[in-house]
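Presented below are the structures under discussion, each in the form of structure tokens.
Okay, so chain A shows up in both of these, paired with chain B first and chain C after.
Right, the complex of A and B next:
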């Protein structure tokens, strides 16, 4: 199938205006000559998108996994309810009495009168109530669509209540749903406020030698637990993870770490950038999805600290772990070799998981992000050429300055020396450079385009989320949820890779599609041309 | 009798969802129809995720994807584009536009907008009028049905003898309801009917709009029917389709108690039999007799047990009524949504037992406090009650909507004699499991 033909079936049936816009978001990849892709632009109304809203990105994604902040949704009931205890919220409090508010959903449940007369009093009362009930370390307020429109000033309310309590950090987020193009705007807003109100508020530091933060790791399916264990085994201290299995205390002294490791570049690069400007902490991109990438990422940490004992320990751990993953790959690969996958998810997952599929001998036919920007596709080198549009201007850009007392010139000197030796910092080369020539890249794929893609290419597995899962499976193709891992996982690190191999092998070899046609029926109960046809043959011929 | 719940400011761990979700669900039960949420795209995305997790079926809901400009100047342009694109890719016969909190805040006049979209689409475009912030999912559900019945271009043909307007029940319930009504009337309309669209077959290819749903022609002829039946006697009239048909076209209206349990089902069968002039078919007679026999057999397990019932008003009234029939006291009857006259509704649904608490607009924090200091044998309601049941160490009977932590929610039968039998088996077996697990001896004979 040529791309032109796909273009005919998938895109050209749109009205001209829509076609012109969507065409810029879909292309055939050439890693040697990365082309400009349209990303982070408004979804066309009525096109069924995978994307969520700004509020979802702020509350659900970035702040969702932190257990000891009381989160209050300021708005009508739906938003708070939908973002309550969903998929990412695995956490392990330090002990049985440690605070964990994740099982709660607090909402001001705005009514007509609050919309007409303003909701600030209601919000203050709700904050006071949360404080009286729990005496938490922090209370965060999340604004939903109506809040910005009726002019409630959540930041002023937060300041007032914080001053009143004295022992509780209160801060607000202007993350009204309509504000951005997608949840990505919410990530940025969350980054800003956490940086402004939390990071740097506790200067205490342990005396361990190798101290790093892991940014953009959200503990889906218990990934953070696997990585915490892995770091500990290597003798590396994780000061803070943003924000899988996190506590606000970790954020508060994250600025004492010596290196920031970035997993999901899209959702968290802002914090890394701001920490570097203010505190001098360098950042580097890592990927703990896939055995090979996990090993590479650990080695990066070793190289950064240039400590022979640490490097030796890391090599020992890698050797030990790779035994497991090599054995598992050998076991499962015969069932997966040569099969194909498509990934349409997130702002980093559609890239990272390609490594896991490669370890299974599987080819990625097409991939795209839901809410990424051009730099996540084409690499950060294109940052200067990205046009700032009205939607991006909506989001506050914090003006950050060097913190004279706490800025570490030593770390910056180390970075400079290592860069001389070829180590990469402050860079992400994006998805397209790694993808094969001829593979498809499509941003913000619509439901319709997804159906056409599956129909034409018939991949062996499709990776997306629950909204797509049952639509794709109706066509006889298994769908792996990469937002929630189908409530399985973990898939990060070496242990996670083993889990993933096993599950994918099972999914691509399931015989359930073979049952679609009953042996006693001459004609199928549905159209004979079903996508899973090739799986169907063995069971009844 | 009513212990007052503490007067909290925040709603904590709510037992209600928003009204646009109810609209989306109802529209999934109309043939060849699509819904558009008029607001931020997050509304459609959240609602899809929430409902798909329960139904495990494709569920396409469009959005007019507001940006800051539309939030300030109105979303008419976005809505026009949404309608155009939905029409092109889905080719629906009917597009239903739901307001969201955002469009209501800025005062977008959806009705006026929708009247002017003829050039954009060949589909009929209707808007739902309902409050967004103040109400919850059930209001959206009923409001959508009413807005479509009232707004739809009317047909001249008489097609069905009866219109059935169920509450938010499961696809299995709808299938069974259709079967029951079908044994009395050759032609009837159940609206909405998502029995196939949300509990569908494997297709092998993709069909943009799932087959099934209440036929558009039947909806257009609703005013020609002899009578309507609805199951929400205490719902406000302004969101009832059956009330509207009665007022506007004089279609006789029976507002029955939910057909959950024996009394509710008896009442429904009675009306159907009388109106059709047909005898109750043998299979229904047998189903009922089997049910009563099973009740007699299991009475020793159910008698005097204490239950906590929560959910939306019609669900709680129906379940409480059934528990009352089998000797279980619905000690706490908590409606998660605001519901005027809920106490009256509940009291009229019960004959034998007296709850200790009946209240509306109750969230799970209120419920936890209400339950404090007393013993209960089980809770019954959606999977959202699980954390509380776990905390209290009492079993949870999962039914209603949503069920996010077990499979089979859409296939759970609540209504009719068969539904009552299913509820009975599930409840008794839950109690027996608890008894068995709690015992220090591993009895395998209970």
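Right, the complex of A and C next:
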């Protein structure tokens, strides 16, 4: 049916080589028989893409939300400027004077002489100046494209300055934008360095019983605040969130938690895997987007700890919260039932948000990620069969070993026992298994494909990012940004679900779209009585 | 406090830029290219830059901003980006069918040393550029200058490529508006029409970045300078290059290529700069300034005389681009206001020289700086040492304004949190009125908010 139409225009417009490549990234879904999709490959030059770069994934996504690290962009001014406060990571410092550098943009602002003669001295001076001004606990350095080419060794500079200061952790990221094929490579690089330089450096632990980390939750629009509150209500301690509303101190003792919960699998699974190998902490996939999924995820935590009082408390909280979400769903559903959505964004949200739409009675017609890998589509079971290409090979894989003193066999035994009972660990089944038969799945959608999709299917709401927003809206279809939430949110947890229901109901039913056509646009011709003399005819089409 | 770590005490920095008052070249080149009808900007480098530039322009205009990228990966960074650019040309023309592709470089392709003009020639030789289509190119390394430099470089490339030299002269002038908003370009065009002056303006982003909602996404919106107009600009009798930093290079290219004389003038912001511009237009074209414009001018002066008490002596901190700051400072001084702290990240000696001329004695007592580390961190420190009554600058100023409780007027690039800039000009007398309205609104709103109850005024 319509997929053929899309396919047909793609075939007619794209040069043959482009068509052949793109065809492997677009398909009709069948959850019963998940097919291989092309993902995490190079964007074709000249294609208008949603994707950004490795630097953006490293500095912007993973490290951006942490408030007490002085993040210095080593490079010309632009990269630092554009990543300055634009991702909406909210944060709540402990008090009025606690460290918060998130409102600042630090850059070495490289000039041509640095490109010619190297920028290491400039970088050292910049780190020194940052240290003298702020005396922060940590300084991180992010390399932009030119840095790799001119051969600045940011890691050597970091080591030297760290040794010099003694009381400030300094570490670098080789996250030049040309590495990898998208933001995704930057996530991996960020994971590696945080694991190497921070996690495990503080062994202190509280004596609370249920201690977990939440991974891949970045506190866009206050999502992490909602989840912090929810966990507290249930009596579960959040040791660290990676990295919404976080402090570097939280990362330092994240290894003392008993369970890792993964929200965004794409951006953070590396840290979870490495923590399991080194410290024995099991991880499980959760999703706190949507009321149903939030309840399910909380129950998973209860099941893991097998504590009757915790389980009872979780059920109480769910019951209480579901009253709110059920009531809201009943209120907004009449306006949304039967409507349709498309989601093309990120590395997990295009999957997670489908649950929220389902709760509104809306159907997902098509979805795809911007920078995910095959496992995020087809499930982790395909991991062994993913070919490592040249672009992935240049991203370092850390070799991690068991930490004999701190490895917890007890947690591993618990995991094994629970797995016998059917609980899932270390797994993510991916987007495709959950999507309907006949829905479309398209990876790294191009601008051209997006416009054709909208034309052919006319969804009631399209979810993507800022670069797509106004083009789609010019076509008369509301676009919900799922990176920035259109400056709204939070959308996580139960409170977030209520916000989202309300927001989508507003978007799909607003009167504004009815104003687009001017009243005279249907009049074909009018003889002009006044302007232009007797014989002039003004035509309005 | 949002900027809680900014100390009052100022220490010299030689390496660390904090909260920059500038950004990088390619975004300016992209903006300029969008002011040509049917033009698709293309970023030759890795895709992150392009994504950032499109996102920032989109947030500023709330409009689609289309641009291609060569999507470099590590291989291209090592072996050069030729094949990426050749592929890009084929794909852009096949899929997006632009009349013109305007290529700009990024730090990456510049550092590698890609020769875009040679690659373009190769593309032409290999038949990758369809007949009748154009490719223009500007080199825009971000480790030189700022976003303004990139804008200027792309304008110069346009001026180098399209205008055709003629042995006759047309009764028309060229207007290079400089880096101003679509609303400003629209306003300058209106003034020219009021004066009955035939003109070609480029770039012209009105009708592109303020496109109407039609229920249809026009990939190449109606606006923008057309190719025939650009070609004809070579036969114009004169070029007004508004803004030394953004337009001089293009004016010079037009002169070199087509012998069109030019004058660099200030962007017509405020009364004096607008007066000078219109006088010069009148002098060159012989078209008198009509009474309608005279009345507009009179209305601005009337507002100032009426509201003088709220303006006189008010201290102002400004940051932004030199071509805007220069006439704005002049305007503030004309109203007896006191611009005391001024920064621009864009380097260039002329800025300080001209500021000195305009400010006279106030230059020595005030704080003025541009170039490296002339950033908003420094501006904030100056403000903490000598408080002001008003801040004027781009959206990032709102963090300082909130911390220090200072009225704030948004002007400059980028404005990410309000809409007016696309639709209401700051140039010309109409623009002066808008600036006044905004400044008075900000200052008087604060008076209303903070006046003791017994001093709360009904009439002001």
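Everything that follows uses one rule, which is that the second predicted complex is superposed on the first by the 515 of 541 C-alpha atoms of A that agree within 3 Å, B and C clash if a C-alpha of one lies under 4 Å from a C-alpha of the other, contacts with A are read in each partner's own complex, and residues count from 1 in each chain.
In this section, a residue touches a chain if its C-beta (ideal position, glycine included) is under 8 Å from a C-beta of that chain, and two chains touch if they have at least 3 such contacts.
If you're wondering where the values come from, they're calculated on a predicted model, not measured in any experiment.
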| When chain B and chain C are modelled together on chain A, clash or fit | clash
| said: Output check: A:401 vs chain B and chain C. Expected answer is one of first, second, both, neither. What do you get? | reply: neither
| message | With both complexes superposed on chain A, which partner does A:47 reach: first (chain B), second (chain C), both or neither? | response | both
| request: Could you say whether A:4 touches chain B, chain C, both of them, or neither, answering first, second, both or neither? | output: neither
| said: Is A:101 touching anything from chain B or chain C once the two structures are fitted on A? First, second, both or neither. | reply: second
| message | Output check: A:132 vs chain B and chain C. Expected answer is one of first, second, both, neither. What do you get? | response | second
| field | Intersection of the chain A residues that touch chain B with those that touch chain C | value | 13-15, 18, 42-56, 72, 75-84, 86, 103-112, 114-115, 122, 125-126, 128-130, 144-146, 148-150, 176-179, 181-182, 390-391, 394, 447-448, 451, 465-467, 469-471, 474-476, 516
| said: Quick check on the complex: what are the chain A residues that touch chain B? | reply: 13-15, 18, 42-56, 72, 75-84, 86, 103-112, 114-115, 122, 125-126, 128-130, 144-146, 148-150, 176-179, 181-183, 390-391, 394, 447-448, 451, 454-455, 465-467, 469-471, 474-476, 516, 524-527, 529-533
| List of chain C residues in touch with chain A within their complex | 1-5, 7, 11, 13-20, 22-27, 42, 45-49, 51-56, 58-59, 62-77, 84-85, 87-92, 94-96, 106-108, 111-112, 141-144, 146, 211, 213-218, 345, 372-373, 377, 396, 399, 416
| request: Quick one: which bits of chain B touch chain A in the complex? Just the residue numbers, please. | output: 8-14, 16-18, 20-21, 36, 39-50, 52-53, 56-72, 78-79, 81-86, 88-89, 100-102, 104-106, 131-134, 136, 200-208, 387
| chain C partner contacts - residues on chain A that touch it in the complex | 13-15, 18, 42-56, 72, 75-86, 96-97, 99-101, 103-112, 114-115, 122-126, 128-130, 132-134, 144-146, 148-150, 176-182, 390-391, 394, 446-448, 451, 465-467, 469-476, 516-517
